[in-house]
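What follows is subunit A paired twice: with subunit B in the first complex and subunit C in the second.
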Partner chain A sequence: MRSVAVPATRVEVVETEGKARRAGRRAGGSIAVWWWAVPAVVLTIGIQYLSVAAGSVYAFTNYRGFGKATFVGFDNFVKIFHSPATTRALWNTLLLAACFVIFTNVIGMALALALNRLLKLRYFLRVLIFLPVVLSPLAVAYVWKFIFQPNGPLNGMLRTVGLGDWATAWLGNPATAFSTIAVVVVWQNIGLAMVIYLAGLANVSPELEEAGAVDGAGPAARLFRIVLPLLRPTIVIASTLTLIQGLRVFDQVQALTAGGPYGATETLSTLVYKETFVNGKFGYGSALSLLLTVLIIAAALLQNAALRSRGD
Partner chain B sequence: MHRYTKRTLILEILTVIVALALMIPFFFLVNLAFKGDTDAFLSPAVAPPKPPTLSAFADAWAGTPTGNIPLGLLNSVIVTAGSLVVLIALGSLAAFTITRIPGRLSSALYVLFLVGIILPFLLGLVPLYVVMRQLGLVGTLPGMIILYSGLLMPLSVFLYTGFTRSLPREYEEAAQVDGSSSLQTFVRIIFPLLRPATGTVAILAGLIIWNDFFTALIFLIGSRNATLPVVIYGFVGQNVSAWNVIFAGIILSMIPVLLLYLFAQRKFIQGFAGGIKS
Partner chain C sequence: MKKRTHRRGRRPAATAAMLLISAAALAGCQSASSSDGPVTVRFAVETGFGKTSPYAQIIDGFNKSNTQNIKVELTEIPTDSYFQTVRTMFQAGNAPDVVWGSPGTGAANALGVFAQAGQLVDLSKEQWASASVPDSAHDLYYVDGKLIGVPVDVAPIPQVVNATAYKSLHLDFAKTYDQLLQQCAAVRKAGRTSLLGLAGSQPTNTGLMGLELAASRVYAKDPDWNQKRASGQVTFAGSQEWRDTLQAVVDLHKQGCFQGGAEGGTPETVTPEFTKGKILGIFAPASIATDLGSLAPTSQISVAVFPGTTERDTFLFASPSNALSINASSKHVDAAKALLEYWMQPQQLDKFAALSGNVSLTSVLHGRPVSKKYAGLATYLTDPARNAPLPSLFWPNPDIYNKLGVGIQGLLTGQAEVDKVLQDMDAAWQS
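Entry: the complex of A and B
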């Protein structure tokens, strides 16, 4: 493949040099040539745009991965909203995303405020708290799975301190499995939220806070009247990012419960995987993906709107 | 007010406690991985290994039929490195071009990449799977490299354009006077100047690819070319309660990222903060 591509490239270079010079005169002496952008554009259109477009079409068929696909209109969506298992997954997805956004941002911001200035160990602690972000969500989820086992360290600790009644099969009990997964997902991303808020806080000048202090504002007043309003754009960015991330969580759920027990932790992502690639329902799975996609796009648009209303 | 007072000390101690609490899972991870089989099974999880042994690491390295960790490491390195080469080479070229040649087409291409970042590839997975199956690319390393290159190209171009926009034009003008060809100038003069952006792309895209489980599970499960997350998934499935071996395997799979993080923590954190903010 490469041996074919190289001579072709040479010809292009020679051929386009004149063009580049002409373009260069217009663009103020740039060496850039149009075809340089072509490979990236082709890859992006091919892998992203065409496939997403095709996926949207699949959502309206009963394709099963082999043979012919027939258009079934909105049948897949009717099925989705009439099945209790799917509506539960949809509800779980929204709930998990909401918990994720709130806790990740609140804890991340609190840590960023604490580690912004002054503390002697701040650099070391930032590096430590950020560590889970770079590690594989799947691998880390297994460590948590061990901790939450019926005879694992968490229950062991509860029994030691006399709270043995609280001990349960955290991931096997439908009443606790969902919250347990939320803890793991939040834990892994606190560092990311913290780093985003630290970057935002870097733009809040200490002088402003000092001026507030001189005017007699206490720490709480300074936080709510000075720092948080200035952090608003950062809050919008961080919460949208975590919202989108929260809607598509897959790894941790797959590792911890694979959607169980009895669908208590099933989300749209795990359902997409199951229906499409385990059960081979390509059409139905695509419809589920489209639903999740619509949710994610709605989240992104929400951010746009929130960012624009900043001036008010 | 920005002095270290008694209250600051209390805050410092509290924050250290919180940070240590957040690190508890890593304590269990390391503690258990150094235990022998009976020790792991009988002693409480908080008890230190007695004596510490590497037997779990040896077992993990030897692997299971669907959980070959050395092979998974190799596959992950090949896929990540291969995709990064494509993402860096094509991404930097495209970004440089669309920031240097003004006009409507450039703006349109920029939007194309920008939207590509948000576009949820989940919806495209089924068609990609169908096409790649027809081309015989499912379960292959080149298939994964093409897939990741396409999926992350928008991110790469986006990160590079943030940098090329502010790059002064003097260098390329000087090089042009030299009379070297355009592509030569780019490779010799421009590309080295883009190093900070290249670092950010390598870290962000590299981590996404290295840690990706969803796409890898779909395209590589049951194949000899499975990357680490898929291998770990299979490995855990076969070692259900041998937690010491599972944890040793997980540590082995984390070593490359941990080493990189240790040496370039600042660049990692800046990369995430900057990549998201811009």
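Entry: the complex of A and C
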């Protein structure tokens, strides 16, 4: 059989043309993909970012909700950093966010590990733990507010079991109000963290753990040497999401204490609400909002940088 | 082909129909806004607490009786967002024709803020309007010489008391502050929760208590204290009277006059104790007595003035704090004025007061007898020297009252000292 010799140069030309056509198709395809994205991008920029940017302009004015706004430069920011109430609110915001990130993630991860395999009731328990996440934060806060009342069920239970000395006005006592809010906020969001960690654990191959076990690694060693390193990307996502959520908690604080007693639980979010919508200081409120936004972005970026390994 | 021709024939017909409909709609709009046609006046008020709005009933009466083809439409906006919603509507240029609010600039729903921005109609040339403002409230209703609205009733701010509980303990309403302190111990000794109930978690309630204590200590002694503060002659922190007021809060707390855990108290926890007679009195507007009475059918819920340091300096705050104003951008100013003029008739004012649970403006303006349920306050209501509008309404911004309420929380929990609270109030006045 006689083979047909195709000149090498011809093959190269054909291949080159084919590559060019494929590249052209790919380029055309990617442009088409971008065209599909344009409406969403325009709407996102127009509705979210431009409106936020336009709102930020008011941070440099003394706007009071209507009429003309006068430009006051950085006066609002100077006031913010000279106000003890704002400094306290800033500290409370950071503390609440820290408590939220740590407890939500630690408990959420522990629950995810416990309910990942083996346990027969795990699906039922997962639903049970996740349920508070889908409830309205405001509604949940009002239920907890009832529980924490001075003559509410919690104090009633404490008195019944002979711990009446522990009974207190949980939300009215400055020593307990902050931690009480933290308990409510963490409780409601543990389920979300658990679900994120369960998704992460689904990617951890049981064979790796079994191999570790065969090599003599105990449960703790398997957790810290195998599971947690493999969960690193999930930890980054979960902790970043909870940090952002923790920094902007509003509903629960407003419903439980409205920042009281005497500012003990005031956060930047509740302060923004009061200054803007109660006191009508829209300029000052915008400055506080801008500060909160910058704080959230900076904290999220820092945390991301700290938790992300080079390979990620 | 025939089909196509048929379709083509439909298009001009459809276009003509659309034009006709549009023309008819435009004509309809024109007639609605013409002076001869029906006029719709939009009226905004905050939502009542689960009961039929008293405003709705007066409006119904007006809609049925007016001969000028005016129809008033009531919009109830939730209390929490009322002021913000109305403020946004004013900014957007679509505010209601008639708006409800508080006169002055010190309340969260202050109409004075709109007046300062030139958003309200000046009613000073309307005799029915200027005659409806009590002298004591002149500065609340006049901004730069312009009358910004009319009051619809007078809201006394006394103690709301469970008279049946008082009787069962053989107690009379205290006539002096010292008597009240003694009663605190007696009530506790009798196994009741406390003489006074306080929703300490709510600055509005602690603030109201602060003002009631300030009535005899500050404003009975110096009715012009607010004007002096505005001109800088006095300050909260420099005022012995205000220090005495806040010290009285501390004393009441120390003497066990409030329920346990008062600093975390809410209306939801205080109300049941009050209606059961375990708490004998609460700080609240008098109008709430009727509602509480319906929750306690076996108890007589009444009102009593909070005692001053002496009987002589006992003083009552009674505010014409429910006000109606007309939007300066309204296209129906005359129709809105017709509504308010109707409202200012004595029979409508009496009817409205009976519905709102407050005192009729006619009692304060013309000395007509107050309703039976306010008999205990009659001495104060009819004597201009013994009553005045709530002083916080005159303050330049709502944050001062908020600082008072929050500061009292701090006094109850031990987080704040009297002087610090007063300094915070001065700082809020300047801001």
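Basically, the second predicted complex is superposed on the first by the 262 of 312 C-alpha atoms of A that agree within 3 Å, B and C clash if a C-alpha of one lies under 4 Å from a C-alpha of the other, contacts with A are read in each partner's own complex, and residues count from 1 in each chain.
In this section, a residue touches a chain if its C-beta (ideal position, glycine included) is under 8 Å from a C-beta of that chain, and two chains touch if they have at least 3 such contacts.
Bear in mind that the values here come from a model prediction, so they are computed numbers and not experimental data.
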(Q) Looking at A:F146 after the superposition, I want to know if it touches subunit B, subunit C, both of them or none. Which is it: first, second, both, neither? (A) both
(Q) Under the stated touch criterion, which partner chain does A:K120 make contact with: subunit B (first), subunit C (second), both, or neither? (A) first
Q. Between subunit B (first) and subunit C (second), which does A:S286 come into contact with in this model arrangement: first, second, both, or neither?
A. first
Q) Does subunit B (first) or subunit C (second) touch A:Y49, or do both, or does neither? A) first
(Q) With both complexes superposed on chain A, which partner does A:G65 reach: first (subunit B), second (subunit C), both or neither? (A) both
Q: Using the touch definition from the top, say if A:I237 reaches subunit B (first), subunit C (second), both or neither.
A: first
**Q.** Partner chain in contact with A:T168 - subunit B first, subunit C second, else both or neither
**A.** second
Q) Regarding the shared-chain residue A:V278, is it in contact with subunit B (first), subunit C (second), both, or neither? A) second
Q. Who wins on subunit A residues touched, subunit B or subunit C?
A. B
Q: Go through the superposed model and pick first if A:A264 touches only subunit B, second if only subunit C, both, or neither.
A: second
Q. Looking at subunit A, which of its residues have contacts with both subunit B and subunit C?
A. 65, 146, 152, 277
Q.
Quick check: in the complex, which residue numbers of subunit A touch subunit B?
A. 9, 13, 16-17, 20, 23-24, 26-34, 36-37, 39-41, 43-52, 54-56, 58-59, 65, 111, 114-115, 117-121, 125-140, 142-144, 146-147, 152-153, 156, 187, 190, 192, 195-196, 198-200, 206, 209-210, 213, 237, 241, 248, 250-251, 254-255, 269, 272-273, 276-277, 282, 285-286, 289-290, 292-293, 296-297, 300
**Q.** subunit A contact footprint on subunit B (complex, rising order)
**A.** 1-2, 4, 8, 11-12, 14-16, 18-19, 22-26, 28-29, 32, 44-46, 86, 90-91, 93-94, 96-98, 100-102, 109, 112-113, 116, 118-131, 146-147, 149-151, 153-154, 156-157, 169, 172-173, 175-176, 181-183, 185-186, 190, 207, 210-211, 213-214, 217-218, 228-229, 232-233, 236, 243, 246-247, 250, 253-254, 257-258, 261, 265, 268-269, 272-274, 276-277
**Q.** Complex interface listing, subunit C residues touching subunit A
**A.** 83-84, 87-88, 90-91, 108, 113, 117, 119, 200-203, 259-266, 268-269, 273, 397-399, 402, 406-407, 409-410, 412-413, 415-416, 431
Q) Once bound in the complex, which stretches of subunit A touch subunit C? A) 64-67, 145-146, 148-152, 168-174, 257-258, 260-264, 274, 277-281
